[in-house]
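The following pair of complexes shares a single chain, chain A, combined with chain B in the former and chain C in the latter.
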Partner chain A sequence: MLAIYKREMRSYFTGVIGYVFLVIFLAVGGAVFAYTTLFSMSADTTAYFTFMLIFSAIVLPLLTMKSFSEERKLKTEQLLLTSPVSIPGMVIGKFLAAYTVFAGALIVNSLSFLFLYRYAAVRTGVLIGNIVALLLVGGVFIAIGLFISSLTENQLSAAIGTIAVILVLLGVGLLGNLLPASFFLRYILNALSIFTRFQTFANGYFDLASLIYYLSVAAIFVYLTVRVYDRRRYN
Partner chain B sequence: MVKAEHLVKRFGQNYALNDVSFEIQKGEVVGLLGPNGAGKSTTMNILTGYLSATSGAAFIGDVNILDDPIGAKKKIGFLPEQPPLYPDMTVEEYLRFVYALKGCDPDAKAREGHLEKICTAVRVQDVKKRLIKNLSKGYKQRVGIAQALIGDPELIIFDEPTVGLDPKQILEVRNLIRTLAKDRTVILSTHILAEAQAVCERIIIINEGKIIADERTDNLSKAIKDGFSYELKITGPQKDVLAALSDLPGVKTASATGERDADALCYIVESDRGVDPRKAIFNLCSAKGWYILGLEPVGTDLESIFIRLIDGTAQDAAPARRKAH
Partner chain C sequence: MAKFKEKLRGFLRGENASSLALTIVVIAVAVILNVLIYLLDVNYGLYLYAPENDGYTVSDSASEAFSAAAARGDKVTILFCRPEDEVKTHTTGSYVYDTAKQLAAKYPDLITLDYANIITGRRADGSEIDLSEFRGQIDRNSVIFLSGGRSKAVTDFTTTAGYSDFYVLDSSGSAVAYKGEETMTAMTLWVLTDDHPKAYLTTGHGQQLDREFFSMLTNAGYETETLDLRKSEVPADAGLVLICTPISDFEAAVEGSSIRSEIARLTDYLERGGNLYVSLDPYGKRLPTLEAFLARYGIEVSRGEDRSANILRDSRNAVTTDGYTFVTDVSGDSETGRQIRELLGKYDTGSPVIGSAASLLCTEDASPLLVTSPSGETYASGERTGSAGVYTAAAISSVAGTGESLGKTGHLFAVCSASFSNADALTAAGYANKDLLYAVFDRLYGSMTPPYGTAVLSVDSSTLENLTMGAARTYTAILMLIPLALAIVGAVLTLRRKNR
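Entry: the complex of A and B
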């Protein structure tokens, strides 16, 4: 697992993808931070993190799109699958590598908020809640991206498929909000919505149910990726 | 060392393997021979744990690959048909990655010593610092072989290791495999009979997912030599030539193909088992004043052997098909 993690990390930064992701994430994150807080003279970080949530849905597939599709295309998955490494070990190694790059970028971006403390009374609980929520959601997005990448050998298809699935998961909450409050379906859609659960954290509340939800969804997609490989051996 | 028990692999309604059983002893060098699509790669992929059999079992040593895949894979070095190389890595980086992937001794000194030994054996020292994407196909193949050797596996499996190489590279790779085979169990798949004969001491011929022959190479070569057919190009009147050829001792049949080469006509002569009629043909033509423009054995190619093995004449030609152990 460690060998795969290291190779993935290396491949992000010997190619362009790691740099492209970091540049886009940091540049857009910095600009949005400046616009939503410094220029608006506001210490409210909610708008920034809400934007970054949607933005992550679009840029995180950059990190995951080639994770498995490229291995399949180059036939290097044959090396991984015939080496003494378990399939879960292989998937988790790739997951952790993508997550490290994402978490690193988010944490570097979040350092910008230290400036705010000089000019305004920042609600630290809300700030940390937002960062934790985005870290959790990022894990879900990466797990979805890896799963979609395991289904195809075309990177572009993997990226587009990932964005589509994430947008659907984000959209179900909005769809739920359109339904009358008395509808049970509204309750279910909100419970399934990544976005609705994000808002709880974003308001500075630690919500155990949401934490379990995010971890579970990420674990389900990691498991599904493992199953894709298990199943492929039989087909 | 390797045991395949009634392996069946079905893709939908098609059988890629249909009840394949064999056993390979430690130290044997075995060639899996067959045309494209015969089931060679499927067999190898099952033995290495890349694919699962629909039914049956594969053992590496005493380990069932399904029960303990990691334990079984530790004993195997595998070079797939397309070497599994990362083009964005240098040879050195790639081999270090495979070394770590196989869970070998993490000590840097041990690692470098082991990799140095392998690089010397497969002769890639001079390209160690180069990106894999910039290497020639021959070098890529050697790097693929190098990764298979990492960890000193007891069993090495090569799937079509010379496909796409030029003749010089083919000879180099064959020599390399022969050297490696001295102290290891090796399974080699190929569709080139000469390659299997050159490298392997035992050949398993597989066709349409079934083993159709499993013999020691020398026995198989003998079986092939028995009952040769020859293509002849002889000047002279067709009727006389045919009559004279048919009367030669040891010649079973002689027939004209109807083809011409300059002023010579083409004939096919089939000899009796164990009889080489070439000297008699030469003497005949010399006595009659006919020129021989061509004389070559036919039917020694893999396809012909398959046909002979499949159509039942093989029952006579080949010594008894060895039963799976």
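Entry: the complex of A and C
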């Protein structure tokens, strides 16, 4: 697993994908932070985190789109499948590499909050809650991205497919809100919505149910990716 | 056993049809786990809440004045008109109770707390209480300050929430910030002396006085009354006369007339050593008589060719994106300015902020008090009328006494901004508008020691106080440096790899 992790990390930065992702994430994140807080004279970071949630849904597929698709396209997939690495180890190695790049970018971006402490009584708990929530949601997005990438050898299809699935998971809550309050389906859709779950963290609540939800969704997609490769190895 | 292991391994690898079943089982387990946790969460609240910083800690601002009072042997009792159990659990009273407790613990030789149930008419120790011995109206939300036979009741009649004088209220009467330490410190200082100067608020020209500004005058030690200069002279006991953003002009002195005009009355007052505070609205109707009166003492409102006021803009120190609201510097050009700057530095309360202010021109009799940075500019009717430079936003003038008042000095403070002393400016944490005015009253007008340097606790603590647009631009540039550096490193490494 460690070998795959190292190989993936190296591939991000021997090509341009890693740099492109970091530059876009940090530049857009920094600009949005400046616009929603510094130039709005507000220490309220709700708008920033909501934007970053949607933005992550669009840029994270950049990191994951090539994970498996490229291996298939370049025919290096056979090497991976015949290498002495377990399938779960391979998938988790790739997941962790993408996650490291994302978490690193988010943590560097979060340093900008230090500016706020000089000018306002920042609610640190809420801030940490938001960062943790975005880290968890990022894990879910990466897991989805890896799964979609394992289904196709076309990187563009992988990216678009990932964005579509993420947007569905983000939007089911909005759909639920259109239903009457008496409809049970409304509660199910809200419970499935990544966005609704995110709100609890954004308000300063470290909610165990949301934590388990994010971890289980990420785990399910990682598991599904393992299943796809397991099947391919033995076929 | 080996056979079972092999079967299990095959099942997990999905070597047969049961791999689909396994996937369904995994998803089902995840769903059941989530539903269980969700139900537990709904019923038992499985979450940790990150608490907000909602406590208030008293500052050391009053230590000098309180220690001096304690050294003199003064004693002050803060009497709540509710039993202790009630006030400590009261929604708004609990903050007041907590601050009083902290002050009593910090200055035990000076302050003691007492509680009374005014419905039963008994104090906490069971003794009877006679409410008629206290000045002012009393109800269950009153807090009475007592010292050596003097008393001052702080009673709330504004809102149903109670204790509103310890809070900053918005126009709808909702509490937006807690300022209990300031009120409590001011009232403690109030009952330590009998000598309270009088502040007269002029009326008759649509003058507007913000509730917070009125409360600030009381906290500075003034007893406040209204005064219509069209009908009467400035009383002899006036310690301060205020003209706050009038909308119509004052009457000019008419030569040879036996009726004394408002301006004549103000001139007399000022030249016998009086103290005048004037604020004008730069966007309001022109007030030529009042402006001419100010110009006589060296303070002139700067106007463009079309006679509209030249409005100040300072993009470097701006706190709004349009640049018209900015942090000012206290000018050290005059002795008064230096004294006030020193006072503000001592209490570390930041700098005053001013918005939509007209530039003032000072001749030799007057000195600038609040100025822009060297990047200040002026605009009139949207056109730039003054290039980058230091402009005056507030000025002071010392007026030598005449006739019987020879040797006395009158003081005039003028600002041409409607928002300089409104509730937002006076109560925003991080800005020193209130302390600046306290310093002006203290040093120029000789009021009692005001409650300098006390902070407010905002209900909405999300506003970035004292952040200028210049600083915001610098921070944004720093944030952009990281991706820029990464882009350069990435490009260089990729090119080198390609060339190899």
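Assume the second predicted complex is superposed on the first by the 232 of 235 C-alpha atoms of A that agree within 3 Å, B and C clash if a C-alpha of one lies under 4 Å from a C-alpha of the other, contacts with A are read in each partner's own complex, and residues count from 1 in each chain.
Keep in mind that, in the parts below, contacts are C-beta pairs under 8 Å (C-beta built on N, C-alpha and C of every residue); 3 or more make two chains touch, one makes a residue touch a chain.
If you're wondering where the values come from, they're calculated on a predicted model, not measured in any experiment.
Student: So, on chain A, is it clash or fit between chain B and chain C?
Tutor: After superposition on chain A, chain B vs chain C: fit, no clash.
Student: Quick one: chain B or chain C, who's touching more of chain A?
Tutor: Larger number of chain A residues touched: C.
Student: After lining up the shared chain so the two structures overlap, which partner does A:L38 touch, if you call chain B first and chain C second: first, second, both or neither?
Tutor: In the superposition, A:L38 contacts chain C only.
Student: Return first, second, both or neither, reflecting whether A:T76 touches chain B, chain C, both chains, or no partner chain.
Tutor: So A:T76 only meets chain B here.
Student: Would you sort A:T14 into first (chain B), second (chain C), both or neither based on which partner it touches?
Tutor: Touch status of A:T14: both partners.
Student: Please indicate which partner A:S216 is in contact with in the superposed arrangement: first for chain B, second for chain C, both, or neither.
Tutor: After superposition on chain A, A:S216 lies in contact with chain C alone.
Student: With both complexes overlaid on chain A, does A:A3 touch chain B (first), chain C (second), both or neither?
Tutor: first
Student: After superposition on the shared chain, which partner residues are touched by A:V85: those of chain B (first), chain C (second), both, or neither?
Tutor: Touch partner of A:V85: chain B, not chain C.
Student: Taking CA centres, what is the chain B/chain A/chain C angle in steps of 10 degrees?
Tutor: After fitting both complexes on chain A, the angle is 160 degrees.
Student: What's the minimum Cα gap, in whole angstrom, linking chain B and chain C in the superposed view?
Tutor: When the complexes share the chain A frame, the smallest chain B-chain C C-alpha distance is 6 Å.
Student: Identify the overlap between the chain B-contacting and the chain C-contacting residues of chain A.
Tutor: Correct list for chain A: 14-15, 234.
Student: What part of chain A is in contact with chain C in the complex they form?
Tutor: Spelled out, the residues of chain A in touch with chain C are 13-16, 18-20, 22-24, 26-27, 30-31, 33-34, 37-39, 41-44, 108, 112, 115-116, 118-121, 123-126, 128-129, 191, 200, 204-209, 212-213, 216-217, 219-220, 223-224, 227, 230-231, 234.
Student: Along chain C, where are the residues that touch chain A in the complex?
Tutor: Its residues touching chain A are 13-15, 19, 23, 26-27, 30, 33-34, 37-38, 40-41, 46-53, 319-321, 430, 458, 461-467, 469, 472, 475-476, 479-480, 482-484, 486-487, 489-491, 493-494, 497.
Student: Where on chain A does chain B make contact in their complex?
Tutor: 2-4, 6-7, 10-11, 14-15, 74-86, 233-235
Student: Show me the residue ranges of chain B that touch chain A in the complex, using the header's touch definition.
Tutor: Touching chain A from chain B are residues 11, 48-52, 54, 69-71, 73-74, 76, 78, 80, 82, 84-89, 93, 97-98, 100-103, 147.
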